[in-house]
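Chain IDs A, B and C follow the sequence of writing; residue 1 opens each chain.
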Amino acid sequence: MHSRRAILYMPGDDRRKIQKATTLGVDSICMDMEDGVAANKKAEAREVIAGAMKELDFGKSERCIRINQIGSGLEKRDLIAALATNPDTIVVPKVETAEQVKWVSEHIETYELSSKLNIGSVRLLVGVETAKGIMNLKEIAEADKRLEAIIFGGEDFAASVGAVRTKDATELLYARQAVVTACAANDLQAIDIVFIDFKDEAGLRAEAEEGARFGFSGKQIIHPNQVEVTQEAFTPSDEAIKYAKRIVESFESSQKEGKGAYALDGKMIDMPLLKNAQKVLDRAKAAGKSKTSATDYTDFHGNLKRKSV
Amino acid sequence: MHSRRAILYMPGDDRRKIQKATTLGVDSICMDMEDGVAANKKAEAREVIAGAMKELDFGKSERCIRINQIGSGLEKRDLIAALATNPDTIVVPKVETAEQVKWVSEHIETYELSSKLNIGSVRLLVGVETAKGIMNLKEIAEADKRLEAIIFGGEDFAASVGAVRTKDATELLYARQAVVTACAANDLQAIDIVFIDFKDEAGLRAEAEEGARFGFSGKQIIHPNQVEVTQEAFTPSDEAIKYAKRIVESFESSQKEGKGAYALDGKMIDMPLLKNAQKVLDRAKAAGKSKTSATDYTDFHGNLKRKSV
Amino acid sequence: MHSRRAILYMPGDDRRKIQKATTLGVDSICMDMEDGVAANKKAEAREVIAGAMKELDFGKSERCIRINQIGSGLEKRDLIAALATNPDTIVVPKVETAEQVKWVSEHIETYELSSKLNIGSVRLLVGVETAKGIMNLKEIAEADKRLEAIIFGGEDFAASVGAVRTKDATELLYARQAVVTACAANDLQAIDIVFIDFKDEAGLRAEAEEGARFGFSGKQIIHPNQVEVTQEAFTPSDEAIKYAKRIVESFESSQKEGKGAYALDGKMIDMPLLKNAQKVLDRAKAAGKSKTSATDYTDFHGNLKRKSV
């Protein structure tokens, strides 16, 4: 699966900003037709995005297009326009039901068939950003195999429940961890909230690191300054990689010696810690920081289902 | 919907306390037939409430009556006695299933029909106060359109799961945020836990403000001293109202200029922040602090479904 | 229900460690065939456990055997071998669906029938340790009446969602409280996470006390040093017992006087606080610290459904 440590939103009607985004080395660029575009600029956004997709070199960055939400009256025209640019990924905001996920995926499939593309070649990400979306998380996460990630919209969710956004984001804890859990249960990436104050680098770093600790795979960002800090937070540190390698190696040799759980630096190491270590190595590899990934190691039980990142 | 920043419980068998409650300017007064009344005083409570409803002037305060829980054997007689007083609102404690909500609502409807009242004229609030209730939150919140709010009983819930109540209430975080989410998904008010120590004003203020930040619309209270602090906490501050107005106004003009997201004081403002600002203005209006409410502003997308508070 | 303040895991292939466990006065000993045993020692573990069950005196400690997870290919042979030792309890790790619970329970029932044991004489505990297990908690908790407890595996869960385990365990808050709630709704015990660092007694104590405050009935442990601290944390303090007795007694007399809610030390006492006090006394009794349990007190409403601990 494509690494999505940071997904950078850029207004779809602003060619200059989209161009800027392509120079940043960000994992994913999301050209927005929705909230980032004024109501009277929606048609213009479709055209500007089409031009950008045709003329700009996005490098390794994933080319995502966010359409307007289903029920806005704009979604169908947006989707047709977005697919016509041959994007990597469609992003659907404010999804509230499994049916909405299936509706979009089916339209994408029709496009793939008529364009002689392989089925499944266009990826799908959805935003869950309302109370209703959180209530239907399980069904949304299970809805369609095209789906690769759920993006949790913290500001929108707070507005939806009438919560006040704070720096420590306690008001979002339940919803954020519900999203992480539903995603993991379906081998989806979970993408964390935007940090609005783009001048507060320390605040961004803290929130991004917390997101990584919670199990998010990446974070939405809204400003070029946020790319580096965010992607760093979702990349394992050298120290963490080193420790993970020690666990994997010592586990292998202890298994050969017929030991199950064993002590390393005074801590009992067993299967769950091994799996955690393997995830660290997978993430390191996806971020280009490690040559070996845990996937290269023997799967001891034959049932450690892990997604490749 | 009636503003319920504070719901003050008074024992149904104590006329003096009910009378006192009517003088406090509290949003809702809940005359209790349940836990606040001893087992051998249940019949007396029904009579005292009937007298109070007939003879006292409750001013703008909502006149709620809490019956005993379904399954107690008291619920039917309580409900009949409560409805006979022509109350604004029936409160049902310890609800655990959607069926219980429907059962009460249907009985109320029968009363409305036979009394030539409009269907829906008697409001319904339910308490969710047990582990089972939290497990069935989704179904309870969707059960009946007469339902206006879910009241989360923190002490009872703690007893139900064997938790120890602490001042910071971490043990209730999951359940409180689950209630807020389920309510918001169904346009219900969420009413927060009681703060037991009625002499600790600072503690009450902190807990009430946290509840407001989480998205609760109000809080249960058990003492006259708690009215002012609680209602204040659920009323937006002058500063918050002023900032919300600036967001709404600047959003309107930026839309006219064809801008989507834009910066205000160094923060990106877009649709979710606008909606949050609108909620603040709605609450301010409900609390009598603002003449304009967000409802008076243009609905840009035509799909910003917001409840009037 | 058997008290399970601490469940101590011992590798099933290590007779010396199992023997040590029987000397510790721990509520439950779990002889492990799963993660604590290397892949090439699984058959040996079955034999060592059989020998230990035959020859060792476990005193009052519950004799649990943890089989390998369903789907590992080992589960059936493990279960047959485990049942043949006539254990108190079967523990199934990494349960993800209700069907898995039923599958095991049915196999146990077949064994009970063919061994002329009473149906229900072998107890069942299941581990929920993955995102999928948490998503299906409600169904798992309701799956089978043989089930007595759900054990939450924090390390495995963290690995499953890609979270980083921290000392304050914020990354597990949602899942831990979801487990407590689902258990309480079905009168099951909830057993909390392992504290890995077995040399950090203060850390263990803090985490165990937090678990008790959240409503867990006990905690998994992995080292003899952890028994005392853990069991203490899940036993009410003398002070808590004394206060609980005062509440129960004052409640009784206030009911006789016809008072409902009343003040004790400046706090309003009513039904939920009474029930909490009763739980404290139940736990004290189960831990051998109190002669009377709350179950001995009058049930005022006739509907205070409480499990005996």
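As a convention for this text, a residue touches a chain if its C-beta (ideal position, glycine included) is under 8 Å from a C-beta of that chain, and two chains touch if they have at least 3 such contacts.
Worth saying up front: this structure is predicted, and the values here are computed from it rather than measured.
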Any idea if chain A and chain C meet via the same residues, over half in common, or different ones? different
For the identical-sequence pair chain B and chain C, what's the CA-based rotation angle in degrees, nearest 5? 120
Rounded to the nearest Å, the gap separating the Cα centres of chain A and chain C is 36
Touching two or more other chains, which residues of chain B qualify? 173-174
Which positions of chain C touch chain A when the two form their complex? 11, 13, 32, 34-41, 69, 71-73, 129-132, 134-135, 153, 155-156, 158-166, 170-171, 173-175, 196-199, 222-223
In their shared complex, at which residues does chain A touch chain C? 138, 173-174, 177-178, 180-185, 212-215, 217, 254-255, 257-261, 266-268, 270-273, 275-276, 279, 283, 300-303
